[in-house]
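In the two complexes that follow, chain A is the common piece, with chain B as its partner first and chain C second.
Presenting the complex of A and B:
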């Protein structure tokens, strides 16, 4: 039998299926391109083409089944078996002709998008497009092998798809410590997945050859045995698989509290809402009051004296007592450090005075320990004010608008100004642009010589990219083994920027890695621009609303997701990393049940930090 | 006689229930155990795949099987009304799809109880996807009840998916909210306003589509 004749016959046999598949795969890209053209956004179709390519394994399987069924259904099978045909040659040719045909079909939207992006000079596909094409090859092979044995198009297609899905999930069930699809599979162990896909494809092809040669035909008796065998394998896998990426909850406790929950550090201990110490014993959360009177505690230290103590003025307080406090312990005495900025009630938003005050925890009704007037920072008298502060050992760096004040707080009873840098953060760009990822960019280095260079770099980056954030208790900068990196979160991804060098005035940074959020993570509310982000001990914590995500940032070129914690309808309010690495989390739950009926509950969670 | 037809269809399509049920249970158990993504995302993923796959499995040979096996001649010679033949197929499919989604939803709730999602959220989400799948199957009946091969049925089903996909994108991009109410995919939005109205409207539309489908099925003999 001539090879060219077989090829011709196979192509003729498949032509209608190929045309149908081509129509199905191209309809969405063309539709999107037309919509974009009508909307005046050029002739673009990358999103729908990506979607079509995602579904290409289904079509590849369909082509495989049509290909096999063309010659292996009852009547045709008798016909060609009666010819002097080489079964192996025929099946090999069928396999590769169908494979090439399905790859050509899948290539059509790819070529369409590439051409569109060249002509209109726009963004093409992302780098993950090859994966569905590889999966399509596997799906084709599996469906081909199944149809050789089952010989019913629909059932073979379904069984092939089922085996394909199972193979894709299998690596996560085996003890390979895979946790993150984006990093583990797409970046770190793509070779493993590629091997699995190619080995399964090759095995399916060889199986198909052997089955066709020996005329294997799965009829009835063997089917029950296969069901039982598959069930047993599944149960075994379920027994040996374990939880992968969810963060384990060690303890959950409902607490009585009003307002927003906040956790603050006081030395080694964590304080909840400035009122209670949070202690952990055998993975149990226990609360003990800071003060004999549970209604006071440290919370009013954070508030200090009444914010509205000055008649005719409105005060802004930093740290916002609803979100935390800046505490310092000297001997047995506990102090809080608070910054007050006063603006006139008459000219709203025009700030006139700024004070740094320290308060001592005592039963004294007027516990103010010391006060420092830092109003010199108010240079421009603009209609808003930015305040930030960070305590580094006994040095408190206070930043107001574009100026910084360095204060010695070794003795909080006597605050002493050491240095003053006016307008050092003027004309700074306060956010990262996507374009920054393609070039080295510079960040101003805060000229404070009273702290070491690493802390200066950390402070500078935090001030610029988290000025409104709680930089007094956390940082987005990771310093490890002499390497300095910082992180940002957006709706699309979390990104890592390395500090490459610095001089007396500037820090030079360069983008090094990003970990995109998947569609599935987005469904549960991935932390976006409004999410809070911080780094501690080479782990990046991102949280917003209902979801916390923890990433491993110890590798230079990748950000690997370690785990997630989700609680629907709960709002994550604050998080603290304990000394032993465990996580303490505050959440609130609220429900409106009619006019004037508003139920609210608050919870504390102790979580295992994922490794 | 109608009960006998139902019994025939039930026996013929039982493998689909077993297959889809077993696959759904297996993948739900697997994904909810290994938890690569949050439970809510797992639920959406499984429900989405089910919404497309389960109607496809049922549509493959529910009508075309009779044609390809030539049993339709025998079926039409039985002294029963044609609506009985058509609706026995449709009812068995509806029961099958609902059973699969109910089982999966209950399993999701059971495995994820007290974990991440609020009580019954996963069940409701999965069930709404099931209703959307049912609506898609109903639309398939109108287009694919005369198909003579499994490939033809598959083509008709894919056309329904893609056609409504295009309608859905047009409705959302152009903000034609009233049009979105008629798109089966809109049923999957659990938090959408007026979900009850949407279900009611789609039920009405489904009844009309079924009438058309039955008319087309009843006129099959001309083409045989």
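Presenting the complex of A and C:
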């Protein structure tokens, strides 16, 4: 058998298919390049090339099927098979010629991006590009083997792709504790996946050799095949989603509430909207009123006072009663801690007085327990006031504008200021963007000595990266095993920044890991900058609109997704992590039914916390 | 004893549960042109595929050129020439390229002979295979089957789809080329008039079994048709070798195999008056064997 003749024949046989696949894989990057060049704006062709490479396994499978079908078409098969052809050699040559051709096709967008990044200094590939190329090798091999047996292009392609998906998903179904495709596959078990891909490719090739040698021919019925395929895809998706995707819902309950739902912690209990305790018994949600009068709640009492607080002033309240509360329990008494800043109605932005007040819940119509004037914190100018507070045991740290007040709240009936740091936060900028990931960067350390250094670091980082905001209820900082790290979510990924060292004034941080969002997660609405992110017990919780994601951040160099919860028509309003680890979620559902008619329902979900 | 070029013994083959060959026994003498007859779907192509080792028999065996078709497949393919029915080749290849490509499979490819065949068949070497006419396509397939000068040539319905002129032309080439070189030709067809002038041996396959195998001339001699007015007590089924009994008005036409004097006397005794005897062509013989009413 003349090898050169076979090679020539195989290449000639494939050339039109290769050109078609080249066209398919390059059409997006080239079109984008032309548009970008004409528009003269940002150069985004690399992203399109990356996207095209994501689809390369499909094209590789197509090339494999075309390659096999060229010789194994029923009538043509008899033609060459009746000649004294060395089947093993022919199939081997065929396999490798097609494989090399596929890789050359896939290399085109890669080369295109490299050239573009050199010429236009545009963004190159991210580090995940090798995976689809490896998967393409496996898809090629599987489709090749399937077509040798099935001898029908479309059917072989479908079966090959299905087997490919199954092989990729299989480790997630085995008790290997794999959860997150991005992290587990790309970082933690890349070696395992590389082995799987190479072993499956080699096995498919050997199977193809054996099947061709023994003339195996599986006659298929397209209709039955489609039914079986659909069934398998369904089972596959069910197994996959039960393993990696969904956070199990333990209980769902509609609640009667107006406005935005808020959950707040009071010791080991959770309070809904400042009105009801949320208790869980045997995975059932029950609500009980905090106050005998269900119309008044801890927050709403305080809210009510602003109306009769001071004439001629507008009050700003922190925590905003619409968004939560800061509670403390002493014995059987429950107190709410609230900061009031009063601004003149005449000169907008001129704040004149700030008070920290505690309210004791009682049937007493005047529930204010104590008040502390902290107006020294105010800057002597018109400004947008910024307020933050964090309760650490019996110490309440209140930040107003650039100053800090430390208050002893062990007895909320008698608030006692124990420290005052005026103008110490002037270096703490607002809306600080996350730093360059390639460099070490510094964060100002809040100069409060009444709390330990870890809490100081936690507070300092939260003040900056959570923009003051709702730091009273949660934090983005994780401290465990003597290591301190904080986390951010963008539309692209969740990132981990390690605190490497600190001195009296600064905390030094460095980017250490990121977990990119997949296309599917992005489609479902990956939590971006508007999303809310917090860390508790070495788990990172990110949520926005309809989606909640939980990540394991206990490992130093990786962030693993443990699960997610999506309700396409719900809006996640707040989340609380219960003492036993379960998650409590507030969501709203609204539907517009004609002009002015707006129905809204609210729900509480009890979710299993993924491990 | 004449040596057999092809020997098939008790060949069984099934596609799934459907048994296609139910014990085929056949011997193809060396140097013969062997016509393998059968209606469509009777198992001719299946038998040929088994001979080539393209499929394994369920039972029985095939010996081609002294080699077992299961264990010596590659050697058999090296030594035989095969042309399939409605042969589909690589349409995108030029004639010269496909000849070169097929030549690569054979160490003993005779390019000079192949060039001669190109001239004989008047094949345009620069034309793509898909642009050839059906006749040219068949000629090319034949060339590719013969280029290595095989001892045995297996042709599976080679003239399928050709018009009568092209068919005759093609067969003329086959006979001219092969008969002179003492090549054994195993030639399957369902077109009897095409086999009749060229085959010196014939086998009829029906429902997975060989129902008749003999020399063509011998078959023609031994099968006879008698037309008579039957006597009242006539019972033709008692005569051995009855192939077909057909009533035509008052008369009966009786076709009988292995006809000899004893059978003639037996038939005469069943006739009410005179009886006419005629020889049959292969077409009629085939019909009698395959769809004849045994009385």
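The rule we apply is simple: the second predicted complex is superposed on the first by the 545 of 611 C-alpha atoms of A that agree within 3 Å, B and C clash if a C-alpha of one lies under 4 Å from a C-alpha of the other, contacts with A are read in each partner's own complex, and residues count from 1 in each chain.
We adopt the following convention: a residue touches a chain if its C-beta (ideal position, glycine included) is under 8 Å from a C-beta of that chain, and two chains touch if they have at least 3 such contacts.
All figures in this text were calculated on a predicted structure; none of them were measured in a lab.
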Touching partner for A:6 - first (chain B), second (chain C), both, neither
second
Check the residue A:215 against both partner chains and state whether it touches chain B (first), chain C (second), both, or neither.
second
In this superposed model, does chain C or chain B come into contact with more residues of chain A?
B
On the A-aligned overlay, A:569 touches which partner chain: chain B = first, chain C = second, or both, or neither?
first
Classify the contacts of A:238 with the two partner chains as first (chain B alone), second (chain C alone), both, or neither.
first
Looking at A:422 after the superposition, I want to know if it touches chain B, chain C, both of them or none. Which is it: first, second, both, neither?
neither
In the superposed arrangement, does A:154 touch chain B (first), chain C (second), both or neither?
first
For A:176, is the partner it touches chain B (first), chain C (second), both, or none of the two (neither)?
neither
Residue ranges of chain A touching chain C (in the complex, touch as defined):
1-2, 5-6, 9, 12-13, 73, 75-76, 78-79, 81-86, 215
Contact footprint of chain A on chain C as seen in their complex
49, 52, 54-55, 74-75, 77-78, 82, 84, 86-90, 92-93, 100-106, 141
In their shared complex, chain A is touched by residues of chain B numbered 15, 19, 22-23, 26-27, 29-31, 33-42, 44-45, 53, 57, 60-61, 116-118, 121, 150-151, 154-155, 158-159, 162, 165-166, 169-170, 173
Along chain A, where are the residues that touch chain B in the complex?
17, 20, 24, 27-28, 31-32, 35, 62, 66, 153-155, 158, 161-162, 165-166, 169, 172-173, 179-181, 227, 234, 237-238, 241-246, 518, 520-521, 523-524, 547, 564, 566-569
